[in-house]
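To keep things clear, I will list the structure first and then write my remarks on it.
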C-alpha cells in the first residue's frame, strides 16, 4: 500500500457556466474545450459499420438508412458542428446547452421524441477527475458527447462487433443507450474498490504506528467519498426517472435492464456510504489513539517526576550549610558514622516505595 | 488568499415585520426603506422601449398597449405608489405586504391571474448581505420590487435590447419572469465559488502552520454556508412549486426553462452542502492537529524532564555535606582520584542511555 | 448584553394529565388552575360590543343575535362553566378535556361543525414559560381558552374596535380565528430575536476572553432552542392541517391568510434552527479555544522547563563537593581564574541557544 | 435526588423466538412463562359481571350471551388453553404465535373479523423491564394476553364498575379496546417524567462538582431513552395504522378517541427525544467541564513551575563551589556585605515580577 | 466473555462483477466458485421425495409430475448446468446473471411467471462472512442457488418430512419460498444477539479498567453493525416489495406470512440500530474515561510538583555559600542554635499547608 503514504492532489470539480448575459439555449464554447471529432457507428441486426472522423455529410448520408445510428462526439469546441448535430436529430436547445456547459448534475430530461441523459464518469482514477458524458437517444439514434478522448465504451464497441446472435445490434437504440449508460455506471467499481483497499492499508498502518499524516489521508479520502456520493446520488435518481417514466422510445423489456443498472448504482452508493462510515470511525479512532498516547506520555512524565522530586529534595536537605559547629541541633547526621549509607538507603526505600505504589495504582 | 486572513464582518439577516397591531394586508413602510423609483420596460416582439423614472400616469398610458410590460420598482418607501401599482395590476394585498416587509422566505404563491415569487439575492459578496426581490407575473406583465439599486438583471436587459430573433421579446411574460428568476439564481454561483477558494486557501495554510485564527475563519465560513443553505432550500422549493402547478399564465414550454433553473438551484445546494462537509472536516482536522501539537510539546517536555531529573538528582547527591572526616563511610568518592571524571562519565552514560531508550520507544 | 452573564432559571414545561382512572372526556380541574373569567365580544360588520366578566346568561342572550361571537375564557378552574360553554357551542368532550389538561401538543382537530386548535404561547420572555391557548371556531363563533391573564390578542382587539371598513368585523368567524392564531404565532418573533442577540453577545465575549461560564450559557440557550423547536414544529403541522382540509366553516379566502401564518411559522423554525446551528458551532469553538489555551499553557511550561532544567543541572554540577585537594582531576575548574564568569557565560549560551531553538521551532 | 447517585441495573429486553425448526403458527411455550390464568369480564350497558380464574367452560357458556366479553389471560405457559381461546374467538394462528413469543415489536394486524394489537408496557419502573401485552378485539369481544400479573388496566376496571351512564359499557368492544390501549400508553408518563427529574438532579450536581460517575449515569440514562424511543415509535405507528384503516369492527366515533391516544404517544416521543437531546448536551458539557478542569490544573502547575524554576536556578548558582580564594572573579558576591539580603531581594523581585506577568496574562 | 479480548479478523464483503466486456445476461463463472450440486425435493400434500446429487435428466423426468418441486443448487461453477436449469424453469437471463455474480444487494424482481429473490445469509458467525442465496419461485417450483454448502434450511427440510397435516407440503410453492426466506431472515438472530453479549462484556470490562484495546474492539463491532445494517435494510425493502405487489403466484394467505417475516426483519434492524447507538455511546464514554484518567494523572503530577518545588527551593537557599564570615547579614540562620530544626519545621509547615490547600480545593 505504498499509495497510502503519499498525499494525493485533488483536481477540483470544474463547473462550467455560460458567460453572463448569454441567452439560455445559446451555445458558447468553453475556451478550454477540445476539438470535436465524430465517430459514427451504423448498426443493423445483420451488419455494422464504424466511420472514424465522420463528417456531417456522412452523417446525413447514412442517418436514415440504418435502423440504429450511434454518433459519438468527442471534444466540445466546435459549436457549429454541435448545433448541426442538434438540428439533424432534432435535439432540444436547452439540452445542447447543458452538453456544452459541462459540470451539470447527472439527470434525465424527456423531450418529445428523445431522452437526454447527463452522466459523469471518473476520468482519471488517481486524480479523481470527472468528465461529463451526455447521452441523447430516440427511436433510432444514440448521440453521445464527451469532453475528452478516453471513455468506458470499449466493451460496448467490442460487443457490437461480436458475432451473431447479437443483442446489442438487434434490440434497438434504447438497448444501446442502456449498454452505454451501464458501462459508465460500472466504470465506478474499480476506483471505489481501490479506495477501499487504500483505507484498509491506512487502518493497518495506523493500528501499528499512529501518525499525524494518516489523519490527513483519512480526511482526503473522506472528502473523495463525499464528492463521489454527490455524483452517484443524482445518477441513481436519473436512472430511477428513466425507469419510472413511460415514453415511446424506451421499451418495457429495456427497462428491466435499466433496473439492473439502477441496482448497480445502489450498490455503488452503499459501498461509498460504507467507506465514509469506516473513515469517520477511523478518524475518531485516530483521535483516541493520539489521546491515549498523550495519556501514556504524561503518565510517564508523572512517574519520573514523582520519584525524583522527593529524592532531589532529600539530597538538597543534606546539602544545606547549617553549621554543626554552632549547635548540636544543626545537622548532626552529617557527622554520623553511617550517615551517608543510611541516607542512600533511605532514598532507595523512598524510590522503591513509590514504584511499588505506582504498580499498585496500575500506572506502570 | 489574503482574504483568508482577515475576519469578515457579517451583516445579520434583517427580518422586517409589520408593527404590532397592524392589520394583515395593510402596507406600512419600513422607516429604513429607500425612495421608490420605477423603471418601465415595454416589450413587443418587434420593438421595445425603456422609461426610467416612470410615473404612474406613464404606466397607465402604456400598460394596455404593449404585449408585455415589465415594471421594475427599486426602493420600498413610497407606499401609495406601491398600492397604486397593486391596483393597476390587481396584485393581492397579502403579497404586497410581503413585498414591503422584506426578509420573507423565498416562496411562490399563485393568485387568480398572477403568480407571486419571492426570491433573495446576495447584495454584496464580501458582506453577505441579502436583499429581497419580489417578482409578480401574469399574462402580460412582470412587476419586480427590489430594496435597493443594484440587481442581477443587467444581462436580461441587454438580451431584451439584442437584435432579432429575440426570444425574450417574443415568448411572453412568463419567459421574461423565468429570465429574471434565472438571473437571480445564477448570481449565487460567483460568491459560492469564491468561498470555495477561500476554504482551499485556509486548508493549505492550516496544513503548513495550524493557527488558532483559522478555527475562527472556518467557523465563520461554516455559518455563512448555513445561512446560504437556509436561503437556497426555499428557493429550490419555490421553483419546484412553480413547475408542479398548472396555471394558465405559465406555458408548458416555459416550464422546461424553469426546470433548468431548478437544476441550477440543486447544483448550488450541492456546492454549499459540499462546502459545509469540507468545513466540518477541516474543523475536525484542526482540532486533531492542535491535539497532535499538544502531544508533541508534552513529549518534548517529558523527554527533557526525564533526562535531566536523574542527572540533577546525582549532582545533588554529590553536593551533600556528609563529612568524610567523621567516618570512612561518608562519601569516600569525593576524595577518590578519578571521582569527578567518573561521576561526569556516569551522568553521560545515564543521559545517553535514556536518549537511546526514547529512540527505541520511538518518542524522538 | 448584561443578560448574557447571568444564568437564567428555566421553568420546566408542565404537562398536566388527568388523574389515573378518570374516564376520557370527563373534565377534572387542575388544582393550580386560575378562576375562570369570561369576556364576550359581539361582532357585526356595523358595530361591536364587549362584555367583560360575562355570565352564561349573557352569553345565551346574545349568542344567537350577532353574526360573530368571540368568547374568551381566562382561567380553567371553573369546570361547570366550561362544560356549559361546551354545551352552548356544541364542543366535543375530548377537545374540552384537552383544554383543561394543559400542556397538549399544538394540533388541529376537526369536528362536525367546528375546528379545535391548540396553540402554545410564550408566557414570559425571560423565564421561557409556555401557556396553552385553545381556539374553537365554527360558522359564527370563536371560543378561546387561556390559562392565565395576558395574551397576544390586544392588537386583534384594537383592530376589531377600529373604524370602518373593518375586515375583522366583516369577514366572519374563520377570519377572526385566523387573526388570533396569527397573533399567537407572531408573538414568538420578539423572544427568538432577543435570544439571537444574546447569542451574538456571548460570541463576542467568548472570542475576547473564553470562560467556563459561557459554555453553560451556550448549553442553556441550545436547550431553550430545542424546546422552542419542539413547540414550533407541531404548530407548523397544525397550520398545514388547517389549510389542507376542506371544511365548510373555513373559507378559501381565509386559507390564503392562514398560508401567510404558515410562512411565518416556517420563518420562525428557520430562525430557531439557525440559532441551534450557531450554538452548536460556538460550543465546538469554545471547546477548541479551551484546548488551544491548554496547548499554550503547556507550551509555556515546556519552554521554561527546558530552559531551566539544563541550567539547574549545570549549577548542580559545580555545587558538587568533590575535593580538589585529593586529586588534580577533581573539579579543577573551580579554581580556574575565570571559572565563575566562564560558567555563567556557558549557561547564558545554553539559555540563548534554547530560546533560539524554540524560535526556530515556532513555539514562541 | 438520592437515586441519581446509584448505578441502576438494566434488565435487557428479552426477545423470545420459537425453537429452530418449529413450523410458523405452531405454539411452543417459553419455559420461563407463568401459569395462565383467565379473568372474564362480561359487559352489557345495564350490568356487568367479573369471573376470576374462569375456565374454558365458563367462557363458552357466557360468550354468546353478553354484548361485550373481555377475556384477560395472564401468564402464557398453558398452550392448550391459549389454542382453545384462539379457536373460540377464531384468532389467527400467526397472531397467537406472536402472543406466545414475547418481545415482538408493537404493531397492529387486521384479520377478517378482528384486529390484533401488540403493545409493550413498562413492567417495573426502576428496572426498566418491559412486558408484552397483546390485545385482540372484534365486534363483540376483547381478548388481552399479558406475561405477568400487574397491568395498567385497574382504572379501566374501575370505570367498568362505575355507575350509569357508563360509556365503557355502552360503546362496544372497540371502545373497550381503546380504553385498554390508552391505559397502556398513559402508563409511560410517570416513568418518563421521573427520568426527567433524575436528569435535572444530575445536572445540578454536575454544575457544582463534576464527577466521573455522572458521566456513567448520563450514558445509562441516554441508553434508557434510546430503548424507550425504540418502544414508543412502533407504538405510535401501530396507533396510526389503527386509525388509518377502515375495518367494520372499529367505529368512526372510536377513531376520534384513538386519535387522542396517538396524540399522547406523540407527546411521549417528544418528551423522550427532548430528554435525549438534553442528555447529549449534558454529556458534551461534562466533557468540556473535565477539560476545563484539566486546563485549570495544568495552568496551576505551570505557574508554580515557572515561578520556582528560576528561583531554584538562582539558589543553585550561589551554591556553586567556585573558590573565591583562587581568583577575584570567582563569586565575589558571596563575600559582599549585603550579598545574602540582596540575593533574597532579587529572588523576591523575580517571583513578584512573574506573578505580575501572570496576572497580566490573566492566568491567575 | 473471553472473545471480547481477541481482535477478530473480518472477511471483506466480496463483490463479484462480470469481466469487462461481457454482455449482460451472459453467464461467466467466478473462478473461485464451487462445483455445482443439485438436490431435488419433490413435494405433494401426501408424500415427498428427496434426490441428492440429482441430474438434469432426473429433474426433467420429475418436474412436471409433482405439484411442487424444490431444486436446491449448491456451488455456482457449472455454468451450463445453471443455464439448463434456467431453460427448464424459464428463468430470466439477467436474474441468472445475478445468481452467478454473487454479492448482489438483497432485492426482489418480478418476471412474467416467477419471482426472483436475492437474500444474503451470514455464512460464518465468527468471521462475519456473508453468502448470497438466490430464490426463484413460480406457480409450482422453487429454485434456490447457494454459493457453498451449509444453509439455514435444515429446519424447513425437517418440516417437509414431518407427518400430516403438513402445511409446507399442502400450501404450494409460494409458502415453501416463504419458509425458506423466513429461515434465512431468522438465521440473523443468533449472531446479532451474540454480538450484543460481546458488547455487554466489553462495557463491564471498560467500566472496571479502561484499556486502549477496548476502543479497537468497539470500533470493529460498530463496523460489523454498519455492515449488518447495510445487509438488513435491503432485505427489509425486498420483503416489503414482495408483499406490496400483486402477482398471480403469491397467494394473499401467504402474504400474511411474509408480513411476519417483514416484522422479524424490522426487529433485526431495530436490534442492530440499538447496538450501534450503544457502541457509539461506549466509544464516547471510553474517550471521556481516558480523558478523566489523564486529568487524574496530571492532577497527581501537579500536586507533587507544587509540594516539592517550594521545599527544594528552600533547601537550595540554605545550601548557598554566602560567607557568614564576611558580614553579619550573610546567612546568620546557619549558625543559629535551632537553625536546622527550625528549617525542617518550616518545610513541614509549608508541605502540610499545601496539602491542606489541595484538600480544600478538592484536588485530593
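Lettered A, B, C, D and E in written order, each chain numbered from 1.
By our rule, a residue touches a chain if its C-beta (ideal position, glycine included) is under 8 Å from a C-beta of that chain, and two chains touch if they have at least 3 such contacts.
Every value quoted in this text rests on a predicted model; they were computed, and no experiment measured them.
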Distance between chain centroids, defined by C-alpha means - chain A, chain C (Å): 41
Distance from the mean Cα position of chain E to that of chain D, given in whole angstrom: 25
Sequence positions of chain E contacting 2 or more other chains: 287, 291, 294, 298, 301, 305, 309, 312, 316, 319-321, 331
Chain contact graph, described as a line, ring, star, complete graph or other shape: ring
Chain order, ring traversed from chain B with chain C following: B, C, D, E, A
Partner chain B, residues of chain C touching it in the complex: 154-155, 158-159, 162, 167-168, 179, 182, 186, 189, 193, 196, 200, 207, 256-257, 259-260, 263, 266-267, 270-271, 273-274, 277-278, 281-282, 284-285, 287-289, 291-292, 294-295, 298-299, 301-302, 305-306, 309-310, 312-313, 316-317, 319-323, 326-327, 329-331, 362-363
In the complex with chain E, residue positions of chain D that touch it: 12, 15, 17, 20-25, 92, 94, 98, 104-105, 107, 109, 209, 212, 215-216, 219, 222-223, 226-227, 230, 283, 286-287, 290-291, 293-294, 297-298, 300-301, 304-305, 308-309, 311-312, 315-316, 318-321, 331, 333-341, 343-344
